[in-house]
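Lettered A, B, C, D, E and F in written order, each chain numbered from 1.
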Amino acid sequence: MAQTLSLPSLPALLIEPVVRMALLEDLGRAGDITSDAIVPAGTEVEARLVSRAAGVLAGLEVAATAFRLMDPALVVRTHMADGARLSPGDAVATLRGPARSLLAAERVALNFVCHLSGIASATRELADVVAGHKARIVCTRKTTPGLRALEKHAVRAGGGANHRSGLDDAMLIKDNHVAIAGGIRPALERARAQAGHLVRIELEVDTLDQLEQALAVGVDAVLLDNMDPPTLRRAVAMVGGRAVTEASGRITVDTVAAIAATGVDLISSGWITHSAPALDLGLDIEA
Amino acid sequence: MAQTLSLPSLPALLIEPVVRMALLEDLGRAGDITSDAIVPAGTEVEARLVSRAAGVLAGLEVAATAFRLMDPALVVRTHMADGARLSPGDAVATLRGPARSLLAAERVALNFVCHLSGIASATRELADVVAGHKARIVCTRKTTPGLRALEKHAVRAGGGANHRSGLDDAMLIKDNHVAIAGGIRPALERARAQAGHLVRIELEVDTLDQLEQALAVGVDAVLLDNMDPPTLRRAVAMVGGRAVTEASGRITVDTVAAIAATGVDLISSGWITHSAPALDLGLDIEA
Amino acid sequence: MAQTLSLPSLPALLIEPVVRMALLEDLGRAGDITSDAIVPAGTEVEARLVSRAAGVLAGLEVAATAFRLMDPALVVRTHMADGARLSPGDAVATLRGPARSLLAAERVALNFVCHLSGIASATRELADVVAGHKARIVCTRKTTPGLRALEKHAVRAGGGANHRSGLDDAMLIKDNHVAIAGGIRPALERARAQAGHLVRIELEVDTLDQLEQALAVGVDAVLLDNMDPPTLRRAVAMVGGRAVTEASGRITVDTVAAIAATGVDLISSGWITHSAPALDLGLDIEA
Amino acid sequence: MAQTLSLPSLPALLIEPVVRMALLEDLGRAGDITSDAIVPAGTEVEARLVSRAAGVLAGLEVAATAFRLMDPALVVRTHMADGARLSPGDAVATLRGPARSLLAAERVALNFVCHLSGIASATRELADVVAGHKARIVCTRKTTPGLRALEKHAVRAGGGANHRSGLDDAMLIKDNHVAIAGGIRPALERARAQAGHLVRIELEVDTLDQLEQALAVGVDAVLLDNMDPPTLRRAVAMVGGRAVTEASGRITVDTVAAIAATGVDLISSGWITHSAPALDLGLDIEA
Amino acid sequence: MAQTLSLPSLPALLIEPVVRMALLEDLGRAGDITSDAIVPAGTEVEARLVSRAAGVLAGLEVAATAFRLMDPALVVRTHMADGARLSPGDAVATLRGPARSLLAAERVALNFVCHLSGIASATRELADVVAGHKARIVCTRKTTPGLRALEKHAVRAGGGANHRSGLDDAMLIKDNHVAIAGGIRPALERARAQAGHLVRIELEVDTLDQLEQALAVGVDAVLLDNMDPPTLRRAVAMVGGRAVTEASGRITVDTVAAIAATGVDLISSGWITHSAPALDLGLDIEA
Amino acid sequence: MAQTLSLPSLPALLIEPVVRMALLEDLGRAGDITSDAIVPAGTEVEARLVSRAAGVLAGLEVAATAFRLMDPALVVRTHMADGARLSPGDAVATLRGPARSLLAAERVALNFVCHLSGIASATRELADVVAGHKARIVCTRKTTPGLRALEKHAVRAGGGANHRSGLDDAMLIKDNHVAIAGGIRPALERARAQAGHLVRIELEVDTLDQLEQALAVGVDAVLLDNMDPPTLRRAVAMVGGRAVTEASGRITVDTVAAIAATGVDLISSGWITHSAPALDLGLDIEA
């Protein structure tokens, strides 16, 4: 759990614009007309943010930001931190303040924390399976548009690691690049000629023959795509520590252990960000 | 399938800001450094957007917008329309243009169309199960922050209907509102007193006793939350056409048929927007 | 005055972006060069926001936001609330703080509160005339670009009610829709087939014959456009409570009483938002 | 009419953001749900933008921008230009294109052109009254938040001239500045010491005694506030061409001729921007 | 130094958006990954913002805003004000707060204050040379895109004055305008006919013959472009106080004294904004 | 010159928002009032963008974007590409179109291309001096707020290479990080524990002793700060190819050759981005 303790918190400057946008999306042009009609203006309430399922928490600060941006008079006290394992009934945070504001922000806050905790939980599930191996679970760029920074954070909260953040912070050479370049060697050479000294290069290979070509030129990491465990094992042996090895392709809870057992450094999954079901958390309000 | 034919297309003005934001999120500060290094500037390619699984298409115009915003020289020809049922291998669209631009936009375009098609497919799966009944599948406000308009569109593409768009276009009175108001009657009366003449009011009830109180006051729709099929059936009978009836709570492919058989008008599911797995579509590029 | 007491306050999240934009529009690239040149940096002042005419207050919180966004050191104390009837000389709020900031924000704050109070006052004038009847005054979508939420709020402050907020929260079928659809029946049937269960449908009719067709199909509300009082009276009788009735067209203080006397539910006026003269409020500064 | 011929057109870069914002405000999260439900997707229409009242046109290009931003397939042909005098029935522009898009943009386009033509018409009404005198009608900073550039343009279209654009492009010393500075002389001296060489200074005076003090120091323009015609005439004589003279305060169609007859250079009116009623223009659609 | 004492401070509303944008530009999608990995979350530090060279301070409030926007828990105490002359080692401000936040904001804060102080220092260098003459140093529109307001402020901090802020707050007639108009007289007459009463007009002339034509028509200011000192002296004499005189073209520390000695009112330099080297300031952190 | 040929072009999506912002900054609220007053509306002109000094071109596409965004009717034909060496008089591009639009965009276009070409020229000057050595010139994060992507591009156009883009795409461990961590070893170990597999780590060292500690732990790159050439030479020998070596600190045209001769891989300069003087380019307009 060491990595959870030192989980870097996203700067407020990155969280606030996304949360403000989401609140405005829900408020529309007239705000929470139901609560405005029914709840007297001065009503104060207390509420607890409670987990209704087992999983891993992520996005608590994002949810808290939703309440605070809606109304600075809403006081949020957190009892856990992102990365914490949740059991049904765990109280994650306590809120107190104007009822209208709390009800108006509730859905947006939950949409964030349930979505991000879902990602953290899915990541943790895979990470737990491979816990005895050196392999780490990493995410991809298959994230929800607009939420990449938050989802990458959720992956870390779930015990995973991050792949590149976008198109511009590392080079990932795929089959189409190789085809256009006319081979692995020219692709790698062009990449190295252009890459800054702090830019790493990873190459996707589908076969051991391609892997051999890549190692002959030299590369920082290899993405071993859709290889079965025996092939992966041979690939890891061929690499012999000269590059980071990443396995990808149809990773599931059922297959991930066998893949980790091949000795790869990383196992990447698009599923943990694009298809993880939301984790059920809710708000218990005491009127 | 009538509703598919007349599926309203989202205005470009609503699509473009979201897509532009997503492209900038991926481009970062330096753009697609891999393609820029490896792909010669003038290279042209053709590509096909192909389904790799069975499901329902949604977000094709969003994906096309991603390519066009990245580079107006990218020509997109669509072969299907949102709402179409997909089989593995179906070519959804054909693209032609500068290779660098196509590769730079590929991931964002896919992130949109896979996510939205996942929602449409999940909706369609439920809708097909209840096809013999009058019940329609409807979504909730449990949508991904920033993508509500797109996800509501995907639900329609999947044969579902939309609940309110946000907090301001209809009143949905929940248990907390009732508790604060001190009862169903005062809650409904306050709501009606404030509601504009084009604003409908729906009330969430957990028991038949609450339903009886609501009907005594009068209400446009009732949300029958977490009732089992026998109770739902009695609720529908009690309502007797005086209000729209909506069933909600733990809707799954396994339970939805029994719920539809109770005669409810609507079955709402948060799952179709917050937890539907992405549908696998990919880009086949011919260099 | 019951509706004034429970007037829903717009969320700060909806007010602040509009006010910030307006302040930046006035500050330009160099700020208030007059006050910066003449007023010593540390000067503090007190001021009172005072009505100079009779009318109804609206937008006080918007004006207060202008001062606070310009400088959090500006302290605003309000003595009245939106919806209050104003007489010349009434002190609406008291301000205290840095003179430069107060002078820099003054015009924008006044532009908002005078414009919105003008709308509230015009609405109230009509509302007072029809006070003995059941008819309520409602606004339209003929609002100032960018200010719809604020102007709809001002209408409520003046004792009016709101029509739909925009194109997406209710259906209003106009003559052109009917013409394109080929008749009232197909227009209404297509609308009902597409409308969500919380979306109401209103139809514009110009003649009693059209009204009869509409009632035969069924509709939530009818917009009786440009009918004279006798025709309106017959229309109300024909409807017989089966739909909300709204009268529109050339509503003035002189004609509105006769229209209300016909028994219509609503009387809509574009004039109260697009043409109401500003109410005169000013800032009395004590240097 | 010379000034109309050379009326500077606002750059598209200034018009488009305001129009886009207004369209999004009206489209909300789901667009024009009425037209989408009723109008078949491929329907094309023609329409004419027609004046329904006498007045002066302003904002035609803004309205055209609304249609084009909604859908580039909407073709707008203009028959008149801003500044033209309108009679009821005059066709201002012709449109052709997709019916759904035209209906969706109609209200926003009209909201702009009716509001801005209202300002131009009010300005022209005053300008016509003073046509025999040298006085020109000028606007103030009492404009609608967000629309200053457009409204200043409308004033020019109505034959008026513009006062400063905001707080930063000229100095206007008001009574509060004088009070804080401790007199007219120190206020003017501080202003002149700070003003750039392209910044003009205007001073508001309420009495001839104040005017005398101002002229003794020297100033570019004097704002003669709330003076009656005889006093204004004496003020103009005192100034003797040493400064631009501007009369302000309760300018109406009834009083403006007498004020112009005093020989002042400028007559400023807040009313023409903050209270001018909209001019009635409409869209005649031929389905 | 009087003008330094009363240096108008830019409104926070103008500073904050630029600083927020700059922080987000540096934070990217994941924030300061170095500090997050190495610095424990609770670590507090003190730091001093110190000058490492001689020059003039500008942008201190901008730098302070960078720290505060990154983290309101960062407390900034300033010891000097913009316009102050700096010697190497001068402590300009003291900071205290969370180490991670301080390190994350450091570079952006320094980028602003070093750039703006560079402009102030370059301006002051020229201003000191001409101190015995009436000529003032003024800037141009040759500013860094996005930073005009800040750079104009820095020029004032360096003892300079500002030219117009942009294209819309004064008229500057250049050679191309004259060529298109067909001469100086028509250019000036068209300008005067359109200019508002608070808009000044300046004309660029290259020869004494052009100057004579300009003076014959009348103009507020003349830009004497690229004239040698003897010609400038004759130009000043020809003007005889009837217009502000501004010398421009290849102004350097070596040439500026001779130009000032000609008696011109203003000497404008693009160099002080587009080419002034940054002033070296740094942050001394005490861990 | 190979790297110039394959200079990656920035995506239009990254250029356009910055250019639009700069144009709006200059247009203010009323646009180019000088040209609007003097230049008849239909006037067309031709112009050439010409270098007036020797240097290296950068930002040509940015300048072209300024003209096109101002008015799509402005046709820009480019004759050179970023990275080209310029001599005085070289025609870089030809423009044709509406005179008003061209004059309105001129200054912003020039501000970009002169600023960016200044950076490219300064980079090229250093790069030419070290041409015989393996060392490459690299930039830093000392860039102008808001222009980082453009300035990094200009550095590449000048033959330089890019350091990290921001705080989030690589780790650069500085003296303060080491001090807080309590030594080089813990700092490097914490960094490596958190860094993703595509994130490189660079460490700043001031002494050979520190370098030795760093090499003992292992690191991707070392920043050798403020070392004299003899020390640098020993450092390079100590590293022996185990890490990229980067020299920094007071790099000038006079010192850079001696530093390159030490065998370092990279020489970084903040000066080329924060202090390079603008390159003089101008627009020759043929009316």
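The criterion applied here is as follows: contacts are C-beta pairs under 8 Å (C-beta built on N, C-alpha and C of every residue); 3 or more make two chains touch, one makes a residue touch a chain.
Model, not experiment: these values are computed from the prediction.
Under the touch definition stated at the top, subunit D and subunit F share these contacting partners: A, B, C, E. Of the two interfaces, B-E and B-F, the higher number of touching C-beta pairs belongs to B-F. Rounded to whole angstrom, the centroid-to-centroid distance between subunit A and subunit B, based on C-alpha atoms, equals 22 Å. In terms of their C-alpha centroids, the spacing between subunit A and subunit E amounts to 44 Å.
Multi-chain contact residues of subunit F, defined as those touching 2 or more other chains: 6, 8, 25, 27-33, 36-37, 40, 104, 148, 162, 165-166, 168-169, 190, 193-194, 199. Chain contacts here are complete: no pair of chains fails to touch.
Contact residues on subunit A toward subunit D in their complex (touch as defined above): 25, 28-29. For subunit C in complex with subunit D, the residues that touch the partner chain are 18-19, 21-22, 25-40, 43, 45, 99, 103-104, 107-108, 110-112, 114-115, 118, 141-148, 165-169, 171-174, 176-177, 179-181, 187, 190-191, 193-195, 199, 270-271, 274-278, 285, 287. The residues of subunit C lying in touch with subunit A in their complex are 6, 8-14, 148-149, 152, 162, 165-166, 169.
If you check the complex, the residues on subunit D that touch subunit E are 3, 6, 8, 138, 161-165, 168-170, 190, 193-194, 196-200, 202, 220-221, 244, 246, 265-266. Residues 20, 23-24, 27-33, 36-37, 40-41, 69-71, 101, 104 of subunit D touch subunit B in their complex.
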